[in-house]
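Contents: one structure, followed by commentary.
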Amino acid sequence: MSSCLGNVFRVSTWGESHGGAVGVVIDGCPPRVPLSEADVQVELDRRRPGQSDIVTPRKEPDTCKILSGVFQGQTLGTPICMMVANTDTRGSDYDAEVYRPSHADFTYDAKYGIRNHEGGGRASARETIGRVMAGVVARRALQTLLPSCSIEVVAYVESIHEIRAKAETLEKVTRHSVETTPVRCPDPEAAERMISLIEKTKGDSLGGIIGCVARNVPAGWGEPVFDKLEADLAKAMMSIPATKGFEIGSGFLAPTMLGSQHNDAFEMEGNRVTTRTNNSGGIQGGISNGMPITMRIAFKPTATISVPQDTVTSAGEAVTYTGRGRHDVCVLPRAVPIVEAMTWIVLCDHALRQRAIEY
Amino acid sequence: MSSCLGNVFRVSTWGESHGGAVGVVIDGCPPRVPLSEADVQVELDRRRPGQSDIVTPRKEPDTCKILSGVFQGQTLGTPICMMVANTDTRGSDYDAEVYRPSHADFTYDAKYGIRNHEGGGRASARETIGRVMAGVVARRALQTLLPSCSIEVVAYVESIHEIRAKAETLEKVTRHSVETTPVRCPDPEAAERMISLIEKTKGDSLGGIIGCVARNVPAGWGEPVFDKLEADLAKAMMSIPATKGFEIGSGFLAPTMLGSQHNDAFEMEGNRVTTRTNNSGGIQGGISNGMPITMRIAFKPTATISVPQDTVTSAGEAVTYTGRGRHDVCVLPRAVPIVEAMTWIVLCDHALRQRAIEY
Amino acid sequence: MSSCLGNVFRVSTWGESHGGAVGVVIDGCPPRVPLSEADVQVELDRRRPGQSDIVTPRKEPDTCKILSGVFQGQTLGTPICMMVANTDTRGSDYDAEVYRPSHADFTYDAKYGIRNHEGGGRASARETIGRVMAGVVARRALQTLLPSCSIEVVAYVESIHEIRAKAETLEKVTRHSVETTPVRCPDPEAAERMISLIEKTKGDSLGGIIGCVARNVPAGWGEPVFDKLEADLAKAMMSIPATKGFEIGSGFLAPTMLGSQHNDAFEMEGNRVTTRTNNSGGIQGGISNGMPITMRIAFKPTATISVPQDTVTSAGEAVTYTGRGRHDVCVLPRAVPIVEAMTWIVLCDHALRQRAIEY
Amino acid sequence: MSSCLGNVFRVSTWGESHGGAVGVVIDGCPPRVPLSEADVQVELDRRRPGQSDIVTPRKEPDTCKILSGVFQGQTLGTPICMMVANTDTRGSDYDAEVYRPSHADFTYDAKYGIRNHEGGGRASARETIGRVMAGVVARRALQTLLPSCSIEVVAYVESIHEIRAKAETLEKVTRHSVETTPVRCPDPEAAERMISLIEKTKGDSLGGIIGCVARNVPAGWGEPVFDKLEADLAKAMMSIPATKGFEIGSGFLAPTMLGSQHNDAFEMEGNRVTTRTNNSGGIQGGISNGMPITMRIAFKPTATISVPQDTVTSAGEAVTYTGRGRHDVCVLPRAVPIVEAMTWIVLCDHALRQRAIEY
């Protein structure tokens, strides 16, 4: 079990879906960063179950409590522990013996020889509460350290099942355009169709793609050859439950382009080096180049469905299983703040690592 | 700069493309693993320039030298340092002032304020020699620790530009079918067309997709929630030069499937839990489930081309640049052993981590 | 700020002396280890203020609460978060402006530009609650993994000020002999004099030496060349507040011995290799040799005293400062369980690291 | 085996005493630091065998070769690999079966089930060559990053066996006073007696104490609660072969002082906060306070002696063993540059860590 991410800005999440609480410890946050429970709550509310009609009705107020590391509204430079109590747990919805298909029941048993079968335990998306809380700290830290560079991270639902947002709505995506609809797709027309699809897919589930752009990241962040910026972003995103693929810049389109099409010509914009195109996705050789960092992350359809499925028990018996519990038909709207949080966490860690060696 | 990968089995590569040597230090390899320079040389020869007509003619024998950690043909448990001397360096092919498009010249300057402009320096694919050497050690270590489980890792060229191998040739891919042609595509017919395309694309460059399968990996490897097996594989692959995307299992197809289509039904195969389909790609909840681990990695076309391109100098002057140096039209055939090496490294690290806590 | 210790068994403490709570997250604990709040409470009670007449009267019940990682009385293999709420905080005892001599007020200000001046904040010995909790988990984990080897760790007060326990009482020290007196010195006569000295030293403070022995540690633990077992023990002990020196085996007596006196002759004890003497302190070349691991740790007198002292304020003004707050004349009796906890933590981490590579 | 030290400035040594070479990889060194082989050679020559009549006659020129990470006299920010070839190896001096008393032969066998019995293998002091090389890089990096603060690290032989340098010669110790005699003791009279003692102790061996002072370290370095500056220094020193004890500031004298004697009163020196005494040894709460950092390290007498000793073989047979090989009667003069190197390495790592979070 390794629940720690980052080198200088280190994030450790803890907690099971149906235990006493879930939370996070952040070690390595710079001191004197303004931080309050209210700041954190804003993002928790974007991830929260029950926030709209298209997400799980599980009722959790998900109230942030800061236990350490903050004094009179500012970080101390010491570890920040934050938690959210689990209140609405219904462990009885779960069956201790059955391996739910495409869940982590079997693999946790294979690895640990024990698991908390009340909910997904540690594999539940509830673990991501700690990530979202850490993301707020990372964002605040970057804004405090680099007040003039106004880094901006915006994630959005690009597609759900076969419904895709129009490309032109994605290029100029803003937090505001994302928050306009509960499905968090900046194309209002596509959003409406997505919502209809979610509503009529009760019982089964839907996947999709989340896009994310980080703007105004300074050139020079990323630590080749293994901690390249895109490598750490890939790891961060692929550690989110239900992700199956990651792209930076041109992604899986790159293979079909010629070098003469794909190369991003450099040009000057005043005193600043920029590129005419951005197939690189803002990163070259593992280091940010100052252009927007563009990513796409593939999410599989939620594993919990109420369609009967073939499976086995821990005793090796074949059974038919039908999901109970209260789950999302489509997790993407709630995953948007998680993708943003992971981006902030990786950026903050790399910003601090670069500060360590630059002079 | 972070050139260290892994937690228990730790791999640190070092060296620039045109410095004295490139190499690797492996710390944490179990003792008493059989290892010789000849073992390592086999894989270096698969990565080596000049191995066939379709790769760069740069002449480097790339001869492996073991400097420490091996005694009388066995590992000691102490750090293994291996190196390859750089012999055929033509630094004069490179221009100190020009930022080559889609290379790391600009970003290294932005980060470090200095770079070795003779070749790509640390950003050169020559750095991957250390990875390939470490991959051999990882494979040997796993074979020694787990003699009965016969783990097998096979990477292959799935597509180059628009040419794709037939799906049925990929499912049963073997090391032998991959090595049949210099392009390392297991579909002989597609391979022939790929070779023709590479030959006629002189001056420009081509990208493609490498697939990789790891068979017979035991269930239980992977360390949620951040060091999930697919997250560490994603990081390892996205740290290889020229990669733009990563998929595990269903990858970017998952978003368009329903949960009822995507879920992998469990069933028994004798005493063993298996899944009927493998959309999960051998990993569930970040932990291997015993099914084949299947990945796809997107490579962009090589950045070095001899077509004139617009760019700027470090002084901010607009210039036209035409690549010299000796480079591959398409790196994929030589990248196959690198993808395999990264897979072995990640698997070995996770195998050791699992051994630490299981009893 | 780095509040994380260990490679495989990773301990992260969090919390300030006068914040909401103090606690710990343990990541990497093996699964299926029996653990309850009651187990942990036993050790917390040995560290607790107010446990006897010779320690600080600060009243804290220090009640352990397990928030995650334990299910039905067993560890899950997932992060274990435990906390103790701060209840009896009197921040007003402290002065925000004055730098208390030989406390960390000035250095925290110099480092962070901010500090929680209500109590010692993070530098308070209250932080060690998390260590003691983690020590219980480490002990339980080792006992579960290695049921037959009965590792035993006993720390004790060897001296306070000029009063030293008789050598013969130390050699055969047991948990029981330590717990016989509130001062935790296994020599009852010395203990009595220590207690008298503590009682009559009100207003000033006393230092001393804690000895610690770890018996039945298997040969083969320790990771040269930097993570040698004695190096990691030294670091662990020197991270405890108020420590000034560390010895392993012969310690500072070694310099005055000849090699022929100091070398520990090997001899067989049945099938087991042992040494006739134990100047090595159970560790040779950084690796345990199966003999008792013997350490001594020097503690300075508590910095808080009620004697007036010269000092300065954060504004650079010279002032006279007289300590208020409720503090121990001598911390050693309460530090005994902390030294034991650190030993268990280091041993457990090294046991798991050795398991990773042995076969 | 963990041969990696440091968080941001990471040092990995490799190599056995009688293998092909010994060396080091430094990852995380800032770019544009002036560095040449000649710089490094100066310190290697201070550690080198055969440098004077009082050290081992083993003849090794120990010539530094930089393999990567340096370009045109400056560091690139990429990993620096340096090596020294082993030239004068006489493996036949060693016996594969006998466990030499107080060497690491038995423990390496117990841990790894294999060892390089030609010399001490990895446990040989020859491994420290890599540390000395890394120390030069650390010093150069600090001097480049902080040109105005003129940090100075001076280690010296304080005592050998019963002979102690006069206290007043230690307080004002300089590199020059240390280098005046081959025994590296700044008290000329004591030095002379030490040399005589070494000369007449042929066949047996001597231990002693090395003192070390780091002057002009800025306030604010050190990362509580586990990576406290003194904790990391203790670990670094206790990882040097043959060390048995570590003290910071008042060390083992602290236990016998009263708080009112031990506390260091703060006072202003112009605008700077200083302390009247320095029992803290320059570190308070794990963080440097700007005063000199003072340490003492106990070294045992060299384990190799030519006096016959009782021991056992790997087969468990009792034998008498008499050391051959060429070894130092007293390692302390050659250990002085190693202690300095470890100090520089720890300081540089903490300097970079502090830069990461300060603003």
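A few points about this structure:
Lettered A, B, C and D in written order, each chain numbered from 1.
Heads up, the rule we're going with is that contacts are C-beta pairs under 8 Å (C-beta built on N, C-alpha and C of every residue); 3 or more make two chains touch, one makes a residue touch a chain.
As the structure is a prediction and not an experimental result, all values here were calculated from the model.
The greatest centre-to-centre distance from chain C, using averaged C-alpha positions, is reached by B. In terms of C-beta pairs in contact, the better-connected of the chain pairs C-D and B-C is C-D.
One inter-chain figure worth recording: chain C and chain D are separated by 26 Å, centre to centre, where each centre is the mean of the chain's CA atoms. Our note on geometry: chain A versus chain C, Cα centroid distance of 39 Å, whole angstroms. A straight line joining the Cα centres of chain B and chain C is 45 Å long.
Residue positions 1-4, 7, 13, 28-29, 31, 77-78, 111, 122, 224, 353, 357-358 of chain C each touch two or more of the other chains. Listed in rising order, the residues of chain B touching chain C in the complex are 7-8, 28-31, 77-78, 144-145, 224, 352-353, 355-359.
Chain B meets chain D in the complex at residues 1-4, 10, 12-16, 19-23, 25, 27-29, 31-32, 65-69, 71, 74, 76-81, 83, 111-116, 121-122.
Chain B contributes residues 1-5, 7, 13, 99, 101-104, 106-108, 110-111, 120, 122-123, 127, 159-162, 201, 204-209, 219-228, 230-239, 241, 243-252, 254-268, 271, 273, 275-276, 279-281, 283-290, 298-305, 307, 309-312, 316, 318, 353-354, 357-358 to its touches with chain A in the complex.
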